[in-house]
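There are two complexes below, and they share chain A, which is joined by chain B in the first and by chain C in the second.
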Partner chain A sequence: MTFRYKNVYINGTGTVTGPYEKKGPLSPYFDKTYNDLYFGKPTWEQAESKLIEDSVDIVLAKVGKTRFDVDLHISGDLLNQIASSDYAASNIGIPFFGVYSACATSVEGLILGANMIEAKQVKNCICSVSSHNNGAEKQFRYPVEYGGPKPKTATFTTTGGASAYLSYDKKGIRVESATVGTVIDMGIKDVYHMGAVMAPAAASTICQHLNDTKREIDYYDLVLTGDLGVYGKQILKDYMKSEYHINLKNYNDTACMIFDLEKEKDVHAGGSGPACAPLVTYGYIFDLMRKKELKRVLLVATGALHSTTMVNQKLSIPAIAHAISLEVVE
Partner chain B sequence: MEKNRYKDLVKKHTPKENRLYNGMIAFLVGGVMGVIGQLLVQFYAYYLDIPTKEAGTFMIITLIFIGCLLTAFGFFDKWVNFAKCGLIVPITGFAHSMMSAALEYRKEGFVTGIGANMLKLAGTVIIFGVVSAYVFGLLRLLLFGGAL
Partner chain C sequence: MTFRYKNVYINGTGTVTGPYEKKGPLSPYFDKTYNDLYFGKPTWEQAESKLIEDSVDIVLAKVGKTRFDVDLHISGDLLNQIASSDYAASNIGIPFFGVYSACATSVEGLILGANMIEAKQVKNCICSVSSHNNGAEKQFRYPVEYGGPKPKTATFTTTGGASAYLSYDKKGIRVESATVGTVIDMGIKDVYHMGAVMAPAAASTICQHLNDTKREIDYYDLVLTGDLGVYGKQILKDYMKSEYHINLKNYNDTACMIFDLEKEKDVHAGGSGPACAPLVTYGYIFDLMRKKELKRVLLVATGALHSTTMVNQKLSIPAIAHAISLEVVE
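Moving on to the complex of A and B:
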């Protein structure tokens, strides 16, 4: 399912990160960074909620609006019951939709918001996501202080919040089209190899997008997946070639961009979490687009729909990917 | 693509873990832990005049205390990441798993947080430790009449 948009623009973005991302190569592109993981809050869950509030405040200041000017807030995260988004939304007070697609949540939010703006149901909206490394570790893996050895294919959840302000004002980055992905399960059960879980979903969505829009892959200056990791990236390239005969050339993955993989060995195969793809895109990629170094970018956010309950019941992990085509406003 | 063919493709791009290196590190660190334990037993037995059998218990308590303390200071997880089973298998790993869970859930209350979650990781060890002790105790009784 692909939607085309005539009048939807991302007018501004707000990005907030924790200390690990601050040490990474994209640090200058983030609006606000913290040196610790609590941000003045008593727990990680509450800290994650603050990331969303901060990013919303930043984006509102950038576009010169107040909370009362915004029609809709769409937000999601990794915690159970998307708790960080819910608690942030209760403080922010904008009419709210909570969404979940794991690490594909950011693009899911953008698609829903863009559709409503295109249909003139709302005049503007804010789409946010967050993730917190320790919050995610606590929920999906072991207690943080336990550590627990991980294989090389494991990824490291980014700590950050990202918000985008969408409206029909012709400013910033144009949302040109978007493709809603289908849930794909290729039978992978390894919770430490999410790249392998998500790669087929990314491939399927990219292929569907190209078919629906009748485009070649070269149409895009950059295809950006978020977040397959170092090994998932290789799997996707190989899979695209053998399954769809598409050669990914101008391609990168946000997991491999947000951290310095040479210096930070603890991140293993790269970054992950719902915040990873939008942090890289809103910060770094949008900067390149404003400088006109990139004109057309296809952002494919990939989410492993990992449930610890279902994995314990010996089921494999399904995955989803949503794609959104972003263009420079001429 | 069929699931099996996809699994082969994934395998092609999945790096091998360096098992020999990890095993050697675990062997060495685990060995050092054993030496420390033995030194502690000797210390308690010779200097504090505690019978050797009880000195073993004192040694275990000391190691558990040190393990918990280092976990609370926040760097035992980094050592575990390096030494892996060298620190997980000895009693320090057991202490570390309980302490880290207690730290993780302390903000969720004494009963609903620490009480309910402290044995999240160690609980399995206790349950199956007790079960296997029972099974092997029974085998010992039936096969060797309690001797051996």
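Moving on to the complex of A and C:
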């Protein structure tokens, strides 16, 4: 399912990160960074919720609006019951829709918002996501204090919050089209190799997008997945070539960009979490777009729909990817 | 935020329940009922996922479509990472959006779908939800085998799956308007009194809806909340009267309808779970509407955004309610 848009723009974004991302190569592009993982809150989960609130405050300031001016807030995150979004929304007070597609949540939110803006059902909306390394580790794997070793295919959940302000004001980045993914389950059960779980979903959505828009892959100056990691990225390239005869040249993956993978060995195959793709895109990529170094970008957010309950029942992990086509406003 | 619709119809619905609901007074209105809680699956979570698949199969058969004819599937449930929706979507294979607003998820899905149908961005969509008593108890409270006693304000999660097929074909039930709720947190921490947690959110959304549509409450033949339970229902009535001077007369709550509260003492204050409101509405209420005994119904789905993690951190429970105005097609 591909939507085309004529009047949808991302007028502003707000990005906030923790200390790991601050040490990374994209640090100058984040709006706000913290030196610790608590941000003045007593727990990681409450800290994660604050990241959303911060990112909303920042984007509102950038576009010169208050929360009372905004019609709709769409948000999601990795915590059970998307708790950091729920609690942030409670403080923010904008009419709220909760969404979930794991690390593809950012683009799910953007698509839902873009559809409503295009149809003038809302005049504006804010789409948020968050993730917190320690919160995610505790919930999905082991508390970080446990210090368990990980295989090199594991990724490192980013700590961050990201919000985008969408409206039909022709300013910023144009949302040109978007493709909703289908859930793909290739039978993979390895919770330390989400890149392998998600790569086929990314391939499926990219091909669906190209098919629906009748475009070649070269139409885009950059195809940006987020977040497959070092190994998932290679799997996607191989898979696209062997299955679809598509050569991913102008291609990168946000997991491989947010950290310095040479220096920071602890991040293993790269960054992950719903915040990773928008942190890289809203800061660094949008900057390149504004400088006209990139004109057309296809952002493909990929989500492993990983449930510890289902994995403990020996089920494989389904995945989804949603794609959104972004252009510079000329 | 209130949306108005001119061309959105629920052409068909599919409802499936477990044995408790089958024993209830609305049993004749469900499309399919099971006598056990597993439905041929090895676990409750996988069983819950099957409820969604069943309900989608049923609604597709009713409207004479296959899954390949459907543009979009929107679904959510109570399981962490909305796992039963994710796994069902993996088998169903329709482009998928995951949503979450606890027991308000059904109406969130309907609103998102209705907006896209109204704007002709999709030609049709299926909106699903599910809940499973034993799965929910295990995740949010204690495994049912534990046999822990509960206070009388507790509700009993319904076991069911419900799907609605929306399109712009003028058949069935018209979706006339809808109001997106804001998250309300009144500081309540009692996980056994979700009615008290959610009633203020219901009040807020009802008043917002009446305000935005410039309607009096009597415009509706029935205001139907789901699911506040016996005590929450009374709280809402009292609260509407004292805070907003609105007398809720033509009013009921789906929690108080799905079970025989006199006979089934174990259900305490009534039914709950995302499936409860649509199970009651898509079967019994739509039947009354088709018979013209009800012409205008405001369905207000209420969700307690209850996270065990946050409650264990001594935080109060935020809530949300989304409202949708339903009319008979003349």
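We take it that the second predicted complex is superposed on the first by the 330 of 330 C-alpha atoms of A that agree within 3 Å, B and C clash if a C-alpha of one lies under 4 Å from a C-alpha of the other, contacts with A are read in each partner's own complex, and residues count from 1 in each chain.
Basically, a contact is a pair of C-beta atoms (placed from the backbone, for glycine too) under 8 Å apart; a residue touches a chain by one contact, two chains touch by 3 or more.
This one's a predicted model, so the numbers in the text were calculated from it and none came from an experiment.
Novice: For A:T43, is the partner it touches chain B (first), chain C (second), both, or none of the two (neither)?
Specialist: both
Novice: Would you check which partner chain A:N211 touches, where first means chain B only, second means chain C only, and both and neither mean what they say?
Specialist: The answer is neither, since A:N211 touches no partner chain.
Novice: With both complexes overlaid on chain A, does A:I235 touch chain B (first), chain C (second), both or neither?
Specialist: Touch partner of A:I235: chain B, not chain C.
Novice: Between chain B (first) and chain C (second), which does A:S90 come into contact with in this model arrangement: first, second, both, or neither?
Specialist: A:S90 contacts chain C only, not chain B.
Novice: Residues of chain A touched by chain B versus by chain C: which partner has the larger set?
Specialist: Ranking chain B and chain C by residues of chain A touched puts C first.
Novice: Once chain A of both complexes is superposed, is A:N247 in touch with chain B (first), chain C (second), both, or neither?
Specialist: In the superposition, A:N247 touches no partner, neither chain B nor chain C.
Novice: State whether A:Y146 touches chain B only (first), chain C only (second), both chains, or neither.
Specialist: first
Novice: A:S101 contacts which: chain B (first), chain C (second), both, neither?
Specialist: second
Novice: Which partner does A:V183 contact after superposing on A: first (chain B), second (chain C), both, neither?
Specialist: second
Novice: Would you tell me the residues on chain A in contact with chain B in one complex that are also in contact with chain C in the other?
Specialist: Residues 42-43 of chain A touch both chain B and chain C.
Novice: Can you list the chain A residues touching chain B in their complex?
Specialist: By the definition above, chain A touches chain B via 42-43, 138, 142-153, 186-188, 193, 196, 200, 231, 234-235, 238-239, 242-243, 266.
Novice: Would you mind writing out the residues of chain B in touch with chain A in their complex?
Specialist: Contacts found on chain B: 1, 3, 6-7, 9-10, 12-15, 17, 71-72, 74, 76-78, 80-81, 84, 96-97, 99-101, 103-105, 107, 120-121.
Novice: Could you please specify the touching residues of chain C with respect to chain A in the complex?
Specialist: Going by the criterion above, the answer is residues 1, 3, 42-43, 45-46, 71-72, 76, 79-83, 86-87, 89-90, 93-102, 108, 111-112, 115-116, 118-119, 121-122, 139, 180-185, 305-310, 313, 315, 318, 320.
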